[in-house]
Structures are given as structure tokens and as C-alpha cells.
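The same subunit A turns up in both complexes below, where it pairs with subunit B and then with subunit C.
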Partner chain A sequence: MTDALIGQRVPKLDAPSKAAGKTIYGHDVRLPSMLHGRILYSRYAHAKIIRMDTSRAEKLRGVKCVLTPKDNPPHRFGYGKDNKPFKDIARSLRDEIAGVVATDADIAEEALSLIEVDYELLPNIFSPREALSEGALLIHPEHKSNLFQRYNYSHGDLAQGESESAVVVEEKFLLPYVSHVCMETSVVVAQFDHRDHLTLWSTTQIPFLLQRDLSEALGIPGSNVRIIQTAVGGAFGRGLDIYPYEPIAALMSRKTGQPVRVAFSREEEFLAGPARQPAEVTVRAGAKADGTLTFRDASCMLDIGAYVSWGTVTPLVMMETTASLYQVPHARFTADCVYTNNLITGAMRGYGNPQSTFFIETLMDRLAEALKMDPVNFRIMNANVPNSETPQGLVITSCGLKECLEAVAASADSARMNVYPERSRRNEGGRLVLSEVEGMTVTANIKPSPFNLQPPHIKRGIGFASTLNVGGGARIYRSDGCGATVKVDDFGHVTLVTGSTEIGQGSETALAQIVAQTLGVKIENITVLNSDTDIKPWDVGVHASRTTFIAGNAAYLAAVDARNQIFETAAQLLGVGVDQLSASAGQVTVRDEAGKSISLEQVARRRHFKEGGKVILGEGWYDPPTQLVDKDTYKGNISAAYGFGAQMAEVEVDIETGKVRVLRLACANDVGHAINPMAVEGQIEGGAQMGLGYALTEELIVKDGKVLNPDLLDYRLFTSADMPIIETRIIETDDPGGPFGAKGVGEMGGTPTAAAIANAIYDAVGVRMTQLPMTPERVLAALDEKEKRARV
Partner chain B sequence: MNSFDHFTPATLTEALSILAERNGNASIIAGGTDLLLRVKNHIVKPAAVLNVKRVPELRALSFDSNEGLRVGALTTLRDLTRSPLIRDCYPVLASAAGLMASEQIRSLATLGGNLCNASPSADLAPPLIALDAVACLVSLSSERQIPLAEFFTGPGRSVLQKGELLKEIIVPPPQGKTAYLKHSPRAFMDIAIVGAAVRIQQQGGKCQQARIVLGAVAPTPLRVRSGEESLEGQTLTSEVIRQAAKISAESCSPISDVRSAAWYRKRMVEVLVRRGIEATL
Partner chain C sequence: MKTLITLNINGDAREIYIDARRSLLDILRDELALMGAHRGCDSGDCGACTVIVNGQPVTSCMMLAADWNGAEILTVEGMAKDGQLHPIQRALVEKGGIQCGFCTPGFVMNIKALLDENPKPTEAEARAWLAGNLCRCTGYAKIIEAVMSVAEESA
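Then we have the complex of A and B:
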């Protein structure tokens, strides 16, 4: 098949309607007689509700009803089965204790202030260490310990690794709370119909798991729950769990008999939404004198907050980076996930990987420095290689890590010109030739660097970091599958119904390209339906950068099935064998017989409109050949393919203010094969934006369980004005298991960014930043510390 | 949002009459970029909102080489960044306004709002004070002028009396060079951790008059007279400049909050004052 649809830069199919403001998001859903619900959160981080008087709230004009813990169904829900819609014991400041339904949201809000609550205060536990100390009050007494889970992984022999090391480095890291900050805040509309069936309009990423979760939370059969996904205004992992507001909206609808909408304010989104887990990490690593890695040992303490979510599984990914990014003969990883009275935490893009890549790649830089080796060469010599298996059991098929590093090293050559002009710049007749970089000559028409004009307080540096990410699904549920159907109608129009979800990542477009390519039709002839659990086949959800690989394979299988049906009929009509046929440009043509063809729509009609006619309906189910990790050793091949990437950051540090400006971020990613290079670039650039924020500006500042900066002024996202030049390089390795060779890329864009920037800061000013974000204040404090040490 | 009375006067007299009738108990709205947020967040619950956007007397923008600049309270930040008059005669005001918020907000937010809101970090206050600006306040019965340096009395508070409006700001003809430097973690769309305005007028190689005004390090914009005095009459060597910067840092006692620790703010005062003086040379 030589049509160029695969690999073509196809603008996202959903983009025009979004750009024109015509897309229907969750916040746009309005149903007849719809009511509005608001939630009352606890005033204290840990307290028993001993009295609640809702009578004044109920009397307010426009209020339909007030819900309290008495309205809870008897079941618990959530990943750890530790949550209820309304709490009679609040375990954090975001605990829902009551809800009001009213004819508009302002009335509901006003009614919340009329609910009288008496609390009995309980001791607060805001630090995981305190939570684990002996005799600490149990946050969930039924759980018997505040330690929800301990991950304990190892391979090889750490002592042997250490004894073989010529250099050993160790560092402590502090990682902050950060928020997804989706443009669209959390929103849900719930409606019970006359059959007592629930329909939920939702921004979830896991419609089928949510169906199950809701049926458990509400005590109704899963077959009575239908999830309709609206266009999603950002998810980034936020939609990976059930949250109390969802069953609350359902309870509100059931109690009033009317549809109820619950929509978060921006402040509520920061306070009550899930955050990325803060962590304290200690890491050691070693290498031989020749640069070969010997061992890694990381131990993490994660504050998971008052309730468990799928975010508690993120150590699995942190473990993967520790054990398998580069070739590591001996490794150990431990992580404690600890209950506290802090914010709830959840899954967020990268799922532990931005955290672990920050600490692992910082240590890689320290090792290279200790060995006096070039940081890129050191990484390349230890890089993962194709067709190998890591000691952890990851089966690496395609692998372009070395190529990614080489690509960003080439970008670094032009950056070096800015950083060390005296070393690498030579002007030859207006063209700049960079000749000092070993084995490489890069020419570029670049204006002479203004480096010499830089004031002395500005220092420049460059830094590198790599990433390893699952790229062929991730089996963290018993199935990692996805179903798809492909229908061809009698106009030759093709409808793909896929279990997977479009959350802005461009999957709709990539899947349409795969189906269009397989059936030989134009992309305009494809409609993708992916938003209704009553219509679409099962899928585990959008996570782990799995959609292109998993849903892509499912769509491909369904398209092949449909094509077989088309060929079966076409072969009869044309009087040739099925194996002589091919499909392109909306036609089924006979190979080697010019002019002998029949249009797709004609085939469809001829197949339909006859006695014993048949529908052209292909189906595909793809579940990758992977394993759940062993529950004791955590070993196993969790993904059918692995994606790789590397980044180079060029920064400027103001040594008087500590302010870091990123001038350029070069990103190279091994994506197997880019189905849609434009969408791949979009994912990498978007990921980089999140990575830059994680590195430099974003932090939910939490004190005594309370968020001190729940707004977009003091929670600082990187804006377009702050963005550096992003260079993206797509490295293609054609994975044998991926659809048309593709692997996932969704999460990788921001994973190595913080590490690359931290390493660049070190290159510029000689301080190791071990706490994120690397704010001007922290950088200046580190510079002060360095100066103090130099004076001693 | 609760309901409130809304007035849209067409003249200054009408506006002041309404204000007088309400005994000053009306929230003034122009751009609305501060007030609406506070209403939405239930920080204020106004009984009445007085929309002054249609009052022509608040729209002055003129320059006279003797009298200086008259700039009306309704002048938007965008006007300040774009006006050729401002850009030519008081470039520091154009650049300070350009550092604020976003293009969208700058086209709504006004000079009067930025000053009357009296945030300690208001970006227009330090450069205007450094330029010896005067605030012109009007009420139904009187009109008075006070130096802008005396306008602010605390966070969110000013000398404005009940029934009074800020009509315009008068800025004397420019003397010497003025610079405003703002330190914030992000390049744009951010609030000042520290702001520092410096005006230096030199004659015969010596500093004749100096102004150092700081933002975001005290309850009100802070004029550092001791720092100014250390410069006046001196040849501005790097040692003299460093000394003035140091004095400025020592004379303020900023708070620690989510935006910055106090020690860091003091350090930034020192850096910004030094760089500000250097920028005027």
C-alpha cells in the first residue's frame, strides 16, 4: 500500500470546530429542566461531623434538596475502596460533606453557606513520616496502617554493583504537588431515566472503568450506567479515576428526579482536584571507570493524601525508569505510598516518569561529571538497544535512544556556539561552521551570536536528559484491550467506532488515517465515533500513551476485516480471485488488469441490496501480548513496545536574581513510525510546555493541608510568552508490533524536561538543583550556598 | 453573584452626584479587571456599581512643556503603551504598562483602577511617584491635588474620601531619565515580586536629583529617601550606585508570602535598584 496517508501531516479532524468555538464540551451540556449541584467541603483537614443542620439551606428559594452523608449508598468506591460520596469523618480539606441542588449554581452556592456544621477536631497528619511514626492515628482505621502500599523491587546484586563502581554519587530530591490545570474544569451532568438507568455526561478518560466504578459506588448494575463523553477540554490523567463529585451528581439526580450538573470553579479545581504526588527521594548510583553503569538504588516516600487513586500505581513507572532507563545491571527501588490529611493525588501525564526521570537523569549527569566524560557519549554507551530484554523483564523491540541522543547532540552543537563561542565558532564567509564537535560538521545560516554582548551576570549552559516510556500499552488492568468496528455504508462512507477516547491528543485523526489507509479511501470519508458506552466496544481507557498502538491495532484489524468482506463481494462481481484485489482511491481494483475496478460504494450496495444480503461491518479486538507485572517481584513485560526520547535544554541563568530562561529545547522522540507527524509534534510541544512548568514555575503550595495558591496567577503555568524555541525531531524505528510501525508518544514530551534544564543550570552556574520547581529564589539560594562553601 | 444597582453617568457631575447620594457607598467600575474578580470571589458584595466609563472628563491625555502631562483616570494600560505622546515624553510609563498582565487585560484595565486599587505591587505607582506625579481628586464640593507619593495609605487603601473620584494624574515635564524594573517569575502575565523605579537627573557629571521608589515590598509604594540622598550631589560611580542599592534593600522590610520570601525580595531590591540606576546613565 503506497498511499501516503500514513506519515502525512493531517490537521486534527476536530480542530476546525474547536477553533470556531462550535465544539460541545462538558460545560456546554444543557438538558431540559436541568438543576445545578454544589458541594460543601470540610472546614477542617481531619474532623468528625457531629451535627449538621441543613434546614436554613433547604428553605432558601430555589433550593431543591440538600444531601448529606445520610444519602450515601452503603458501598465504598475508588481504587482503594476507601471513599464515599459524602463523609461523616473528613480526612482532608477537600472532603465532601454535603451538597445542595438548586435551580441555579449561585443559589446552590449561597445555600452552602447556610448549612451549619459542628465538627469534633481530630489530630492532623500532614507529613508521611509522621503518618508512619509509631502510634500515629490511623487515617483509615479499617486499613490498619497509614502505609497504603510499599513497592519493593530489585534486580542483580546491589553490593556487587557498588563494589564494581569507580564512582558513586548520591542525592536527595524534593518533588512538589502539581496540578493538571485542564482548560476545562471538572464537570459532570447526571440523569436517571424512568427505567432507573443512569446517563452521565463526563470528561472521563476511562468510560468503561467508570461505568463499573459508578455501579459499585451507587449499588446499581453496570448495565444501568451509560457514559457519554463530551469533547474533553484537557485531561492529562485527571480523568483516570472516579471522583466523589460523579456519584454525588448521580445521587442528586436520583433524589430530585431531574438532570443535575456539577461544575467546578477554577479555585475548586485546584482545591478538590487530584494533584501529582509530592515525593521525597534518595538515590544512589555508580559507574565503572570506563563509564559502564553499575547500580542504582532509589527510595521514595509519596504523600498520596487522604484517599487512594490510580495515581498510587505511579511508583510502577518510577521503578521502570530506575531499573530500565539505560542498561543497569543492579538496581533497587522502594516506594512507600502513605496516607495523610493532605490533598488527594492522582494520575498525571507521565505517571511518575517526570519525577523519576528528573532524579535519575540528574544522577547520570553527576556520574558523567565524576568520570569526566561527555554527558551525551556517557548516555549513548549505556543506552538501551533494540531486541533486548532488561533485567526487569521489559522486552525492548525497536529502540532509537541512541539516535535520539545523537539528534539532540546535533542541536547542542549550535547551542554550544552560544554557550562557548570561543571554543566552537569559526566564521567562514558569513556561514558559521561548527567544527569542534567530534565527528560532526554542522553548518547553519545563523546570525552571529550576541553572546559577547551578554552582561556578565548572565550565564549560559546546556543540559541533556533521556526518557523511556511505555509505547505499546501498559497492562495495569487485567485487560489492556480495545475493541473497534468499521462499517462501510452504501455511499462508500466509513464509520469507525472505537472504544478509545479522544482527549485532545489527536487519536481520532490517527485512527481515521489508519482506517482510511487500509480501506483505500480519503480521510474525508471517515467518521470516528468514540464517545458513548452504549455504542462503542470496550476499552480500558486513555492512559500510558497507548491509544495509537492499541486502538490503532484494533482499528486496523477491524478495517482489515471490513476489507476482506469488501474483497469477497468485489471478487464475485469482478470474476477474479480475492488475492488479485487492492483498495485505493475509493475503488477496488484488480492488480495487473488496468481499468478493471469497482467503486467501494457499489460493492457495498451490491452486498446489501439482495436476498441474503450482508452488512459490511468489520470488527477488531486487540489486546497486546504483555503481562501484568508479578505482584511480588514487579517484573514482567508490561508493554508491547517502548518509546524513547532525549532532550537538550539551552538555558540562561541570571546569577544575581536566580532567574532561569530556557532559550531552546530540542526534543527527539523515537515514535516507531509517525502516523501523523504534525500530531506527534503537537504532543511533544504540549508535553514540553508541561515539562517546562514542572521544571521552573508550577507548584501547588500546600501548608497544613491547605492550598495557598489556588489560582492561575500564583500557580504559574508556562505561557506562550515564556516558551523557548522547541525543536522536535521524530526518530523512526518501525516497531514490529505497532500499527504501521507506530509506538506511543503521548506522555514523553515533558518527561525529561526538568532534568535537561537542571543539568543545563549546572552547566551554566555549577549548582545542582534537587528541588522542583527551580524557582529564581531556589536557584539564588543554591548559588549563595555554593559561594558560602567556596569561602570556607 | 448578588444583585446590585448599576449606574452609567454621562458626565463627571452626574457621577459625583450619584456618589454623593449614595454617601460614597458605590463601587467604581471602569475596566472591571479588579472589581469583577472580587465580586465573583465574594470578596466584595457591592450594593451599587458606578460605571464611569462614559465620563468624558476622565479621559484627558495632553502634554504641555511647562505643565507636563495630564493623563485621565480612564486611560487604559494599552493607551499608555501605544500613545506616541507617552512613548516620546515618558517612555517609562509605556514600558511599565507593557509589563502588566496580558494584551486583553491591558485593553480594559485603566490607570485610575491600577492606582485606586492600591495594591502594593501596582506597577504604575513606582514610576509615577518617581516622576513626582500629582493625583487630582474631585468630589461634588471640591477638587484637590496631592502628590501621588502621599496617595496610598495601605494595601487597598488610599486617601480618597467618600464621594471622591480620582480624576487624573498630572506628571511634571520629564527631568532626567527614569527606569522601572519589575521582577517576576514569568516574563509576562505576572505580578511584581519587587518593582523598582529610579529617576536620575544629572548635571555636570553629578547626580542632581534622584528618586528611588519600590513596589511590592511594603504596604504602599515606598520612596527610599535615604537611598536618593546617597546619590544626590555625587558622581555616580559603581561604588556609589552599589551603596544606594544597598541602602534601598536595608530600608525596606518586605513580608514573606507564597510569592517570595522576604530575604529574596530584599536581594531583588538591591539588584533592581542598581540595575535601574545603571539603566538611567
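Then we have the complex of A and C:
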């Protein structure tokens, strides 16, 4: 292939319009005679609504209608079928109890304050332990228990693993609520037309599942629901579920006969949006004296809040990390997903993996320490390998875990030389191989100050962690498929219609590269349509880092189908065999016969400008050869490929303030083959920003079911000034199943970050941080604790 | 109570009756259909609504439009000239500094303000200047790379 597009740093196709401020996001959708809806949330975390008087609200000028639980359709919705648009019993402070539609949002907001509600208070349950205790009040009485689901996985024989262990370590971890913090808050515009068809302008990641969910929630046929995805100002898993505000907007539109927009304020986004489940985890792990891992045993308690979402499935991923990151002969994993009167939780980038990687990789470090082994060598000797199957049933095709670890270790060597030459442990004799670091993309150049300029209260350390992620889809739904069509028009222009969606990650561009490469046309000649369920073929959704692999394969198959049609016609026109043809630069050329060629547009025209003619329309459907996990054993090959990565964090800990500053994060990721290295780096760098926040600053502080910091000042994201140097290194292993060898990368960037930083903190000051985020107060407390222990 | 004001936006004088409680961001987005400035928080914390008023970068969600009668306002829509993206916009596109793009207009404007004030910032200066613009997608690396490349080119 001459005009190779695969592997090029192609700028995102949608970027120029975004740079110009012309892209239409959900918040920008304006329809003629559009009304505005606002939602009234419960004042109490657990209460029965015994009286509601909406008359004063209804009388306010500009108010079109007020909706209450009486307006609910009879159906429940959501992953656990436990949710309704408006609640007559509130189970959390974010429960919708009424809604107002008005000519503008301020009037609607004012009307909310005029609704009078009398509540009968019910006992609150804010901790999963309490929820599971004998005689605890049932949050959903129809569910018979506050335990929504228990996961119970094992392989091998734990007792044997334990008996073979020379060292065993154990730790308890506490994981916080965090939020996606998409820069664009949730928003929807709903419009019912005269046929009772609903069109929803939405920021969802799962348009086809949402179509079904909404039809269930509203009791209308799925064929009457059309989802149009606007440009999305961030998603990160937020869009993986149906939320009450969506059917509420639809009900508002139906009742008023006009389009209705419901847009969240930032505060509302923090209060009523989904959060990552907080968890309490106990983990044990062991290894033989030679460093071979023997067993792992993790048990988790997840607070899923008042309603169940797809986020309740995240233990499947936590289980995968526990059972299959490195070679673990014996493993057990249990998780209880428990209803409480707390916030709703949902799916968030990594889907359980940042949590589990934090506790598993912290224990890996403790094992290495107990064995007095180098943490990198210890990891490499236990690493997953290509062409293997884990006891859990994951079929690992390509695997670059070892190479990822080696890459970040090389970066660590240079860190050690820069920062503390006297502590070079990995290369005995102090010989440091700097050439290994070549090929690292250094994306920032804030230089750590040299070691000898450090004041004595600043301690430095480095830490490592790896990650295993699904990289070839993830079958958590019956189908993990995606459809695509490729049309070539009379001007040689190519339109890819894909089931998959652009959520900022760059899928549109990567898919265009795949199609352009396959058809031998320029990227400028490709248009991608991906936002309308009335137009595009089915896809399960944008999640699990699946789009490049799954939608990429579908687009590739559709492009190959189109190319076959092109070659069929071109072969007739040129009087040669199909197998002699190739496509490049918008031409079909005969190999070995210089000058004999025909343009794509001519082929397209000649193919249909005749009796019995046909258009060039290729189609592709790709559903990977994977399994739903067995419902009892949880074993099975959930993904067609697995991505790997490793990170090295270099930190400074101020022992006087407890503040941790990350100087450098080296990230190496096995992505199979990078279709677009710039986009891959972008995923890793952006993931790192989230991982750094999860590690050090981000936490929704929740007290008695209430979020105490629902704003961007008190919920602290990493800013450009806080970011460390991020080095990204792409490891290519060319996966046999991926389009052009590619595997998914979307979630890996932030997965190992918290663990790498925790391990670096230990390296610096000798304390094990087991609660996230690792705030200055918590680090200081750990240092105090350490000092106390040293004194006794 | 409505007041009549004139805002000089991207070189055009726009006369408009406004509700005195409205922010500049409200007016841009809801009255003038200039939706490039985005509302990420409405409380001055995210920078997505940044525009340039009388030469200064401001978070337009925090300003009452009524206070700015006669002001010169530059928004992201005014950055391209003759259909060509401004070098800052082009650099963000080419360096990969745009993912979901929701933060982008705010960055474009604040980068312009930075380079107007300090055409040759160090990387640390650029990072500090832009610390009020939050981005959840890119990790800022490629945004900063874009800033540095524009500063470099204008040498």
C-alpha cells in the first residue's frame, strides 16, 4: 500500500469545526417553540411523598405544566428495572419527584420552589454494612433484599496457593466516589411528533440500547423512538445508561406537544449524575520464594446507591484484574453490590479497573518488597504472555506487557539518574542505559529540579503498576456487534455509515482512516455518518474501549465489500482479472501493467448507468468471536483481544505538608497497532489526567447521602499547571484479530495511575496509602502513624 | 426591566435589549446565537466560556452583560479570518489538542490572550496562564504543545 494512512498522525476530522466554535453540542440544540424543563429533587434521602400541591407553580406565568408521579407510565426501567421517572417514595436525595415545563428555564426553576411537598420520613441507610444487617429496612421492598447482586468467582485451590506461599500480604482499601466531570453537563431535547414518534437529541453512548430502554420506560414501540446524538462534550461512561431525566423530558414533550429541553446545571450534574461506586476491599495475595505468584483473594463491598445501573456490572472487570492480571494460579473474587440511600452510581472509564488495579498492584509491590525483589523484574517474571489462556478463560492473543514494563523501567532509570543517582537499584553497578529511553515522546518539559537542590523535607520516589484491559470488545450484552455501510458515489466520494459513535475520542477519524486505506482514497474523500439511529446500523454502544476494534472491523469489512464491487466492475471494464487489481489514489490500477487504470468515480458511474445497474454499497457486520461469561462461574473469553500497559510514576512527597507532587508519569501501552498514534497518545494523556485525579485530588464528599462539594472549585480536577510530564510510549504487537492489528486503548490511560503513585509514595517515604484520593491529610496521617509505630 | 446596550462583537455593533440580570454568556448564547462560548459551570471555575472583552480574557458567565455597554468583545467565532482558522486554532487541530472540543473555544481565547500579552511564554508560564481552563479529555499535553508551536512560529 503506497498511500499508507494507517499509523499516521491524522488530525481529527471534526476538530476544525470544534476549533471554530461551530460544532453543535447538546446544549446548543434549539428547536422552534422549544420549552424548558426543570426537575424537583427530593428534600430527604428516604421519604414517602404524602402530599404534593402544584397549584401555585401551575399558576406562575410561563409555566406550561407540572408533572408528578401521577404522570408516570406504568413501566419501570433501568438495568435493575427499579426506576421510574418520578418517585412517590424517594430513596435518595437525587430522586426526581416532580418536573416543571415553562417557556424558559428560570421560570421553570422558580416554579419548582412553589411546589409544596409533605414528606413522611423513612429510616436512612447510608452504609452498605447497615443495609445488609439483620432486619434492615428494604430500600426496594419488591427486591426482598438490599443485596442486589453477589459475584462469586474462583479458580484453582486457594488453600493450596496459600500453602505454597513463602510470603503472604494482606491489606484493606477504601475507594471513593468520583465523578466523570464531563465538561458538558447532561442535556437532552425531546420532541414527540404528530405520529407519536419521539426524537431525542442526546449525549448518550448507547443510542440503540437507549432506544429500547426508552420504549420500555414510556410504553411505546421502539420503532417510534429515534435517537440523534449531538456532538458530546465528554462521556467517559456517563452515557452508558438510561437516566430518569430522559423519559422525563419525553413525558414533558408529550404533555405539552412541544419540544422540551432539560439541561443540568453543574451542581445538578454532581448531585444527580452517576458516580463511580465507592468500595471497601480486602485483598490477600501470596508468592513463592522465587517470586512466582501463588494466589489472590479479593472481596469487595460496593455501594451502588438507590438504583441499579450498568455500573453494577463493574465487578466483572475487577474480577478480571484480580484473576488474570499476571499469571495467578489460584484466585478468588467476591463482590457484593448493595442498595443504600446514597447517590446513584454508574459506569465510568475503566469500569472497575482503576479500582481493582489500585489494590492488586499495591499488593504486587508489597509482595516484591517482602521477597526483596525488584518490582519490575517481579512483575515481568509473572507477566501474561502472548498466545495463552488465563484460568479465567481469557484467551490472550497478542501481549506486550513485558515490553511495556521494560519501557517504563527504562524511563525510571533515567529518572533515577536525574534525580537520585545514588539510588540506582535496577542496574547494579550504577550503569544506566539511556538509549533505551529513546522513542519516548516527552510531551512536557517541566524539569524536576536536581536532586542536590532538594530541601530535606522533600522526598522522592518512583513506583510502577501495570494494567490489563479488554481490547477487542467486551461481551456484556448478548451482542457485541457493530454494523457499517460504505457507499461510493458518482464523484468518488465515500460515505461510511457506522453504528458506532464519536464521543470525542476520535473514532470517526480512525474509522475513516481504515476505510480510506482499504479503498485507496484520500481521507478528505471520506464522510462519516454516525449519529442517527434512523440512519445507522445497530451497535451496542461506545464502551469498553471497543470502537477501534469492533467498529473498525465492521468498517473494514464494509470497505472490503465495496472494494469487491469496485473490482468486479473495473475488471470487466479493463478486461483483466479481479486478482490483478489494486486500489490507490482514487484509481483502480492493474498491477504490473503501468498506466492501465480507471478512476473510482468512473467505475461507480459505469456500474449503475446501465440496464440492471447497481450502486457501490458495501456492508459489514462484526460481532467478535467471544462469549458472555458463564452466569455461575463467571468464566469465559469476554473479549477478542486484550490490551496491556504499564506506568511509572515519579513523585515528590513533602513530609511536612503531606503534599504529593507527581513529577513524571511514564506510560507504555500495548495497543496492537496504532491506527492514529496522535489519537492514541491523546487517550493515554487524557486518561492519565483522570488517573492522577483519582489518585490525588478527586473525591465526591458524601455525608448522609448528600454531596458536599458539588462544584468545580471543591471537586478538584488536575489543571494544566498540576500535570506532570507525561511520557507516552506505544508498543505494537499487531493483534491478529484487530483491524490492521489494532486493539482498544480508550480506558487504559488512567487505570494503573493510582497504584503507580501509591507505590512511588511508598518508595519515597515508606508509607502504604490504602485510601484514595491520597490527599495531604491522609499522607500526613500515614506518616504520623509510621512514626508512632517506629517509637514503640 | 430591559436595557438597551450595544456590544461590539467580532467587529459588528449589536444593539440589543437585555434583561439586566443576564450574564454576557447568556446574551451571547441565547440572544445572539453565538454558541461557541460554552457553559461548563456558570460559576467561573471551568473557563469554557472565556471570551476577550476590551483586550482582557474573561469568564463570560461571571459578567453581567449590562455592565459592558460599548465594549469590544472577541469570541471564538471572530478568530477565523477569510474562512481560514487562526494559527492558534490550526495548531490545536494539528497537534491533537482537541478531543470532545467542549473546552476548546475557551482555550482558543485564553491562548490568544496569553500570546497577546506574552508572545514567547515558557511552557511553565503557558501552563500557569491556562490553569483556569479545565479539560477532561486531553490531559492538556497536546494543548500546551499547540501553544508552544504557535509561539515558536511567530518568532
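Just so we're on the same page, the second predicted complex is superposed on the first by the 762 of 792 C-alpha atoms of A that agree within 3 Å, B and C clash if a C-alpha of one lies under 4 Å from a C-alpha of the other, contacts with A are read in each partner's own complex, and residues count from 1 in each chain.
Rule of thumb we're sticking to: contacts are C-beta pairs under 8 Å (C-beta built on N, C-alpha and C of every residue); 3 or more make two chains touch, one makes a residue touch a chain.
Here the structure is a predicted model, which is why all the values come from computation and not from measurement.
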item: Touched partner set for A:A159, first subunit B, second subunit C, both or neither; value: neither
item: Contacts of A:T657 with subunit B and subunit C, given as first, second, both or neither; value: first
item: Touched partner set for A:L174, first subunit B, second subunit C, both or neither; value: neither
item: Partner chain(s) touched by A:T719 [first = subunit B, second = subunit C, both, neither]; value: both
item: Partner chain(s) touched by A:T775 [first = subunit B, second = subunit C, both, neither]; value: first
item: Superposed model, subunit A: greater residue contact from subunit B or subunit C; value: C
item: Partner chain(s) touched by A:M690 [first = subunit B, second = subunit C, both, neither]; value: second
item: Partner chain(s) touched by A:I701 [first = subunit B, second = subunit C, both, neither]; value: first
item: Touched partner set for A:N709, first subunit B, second subunit C, both or neither; value: first
item: Touching partner for A:K22 - first (subunit B), second (subunit C), both, neither; value: second
item: Residues on subunit A lying within both footprints (that of subunit B and that of subunit C); value: 713, 719, 721-722
item: Complex interface listing, subunit A residues touching subunit B; value: 106, 267, 656-657, 659, 696-697, 701, 708-709, 713-714, 716, 718-719, 721-722, 775-777, 780
item: For the subunit A and subunit C complex, residues of the former touching the latter; value: 9, 11-12, 14-16, 18-25, 27-28, 30, 180-185, 231-236, 265-266, 443-446, 503-506, 678-679, 681-682, 684-690, 711-713, 717, 719-723, 726, 749
item: In the complex with subunit A, residue positions of subunit B that touch it; value: 1, 41, 183, 185-191, 258-261, 264, 267-268, 271
item: In the complex, subunit C residues that touch subunit A; value: 29, 33-43, 45-46, 48, 75-77, 79-80, 85, 89-90, 92-96, 98-105, 108, 123-124, 126-128, 130-145
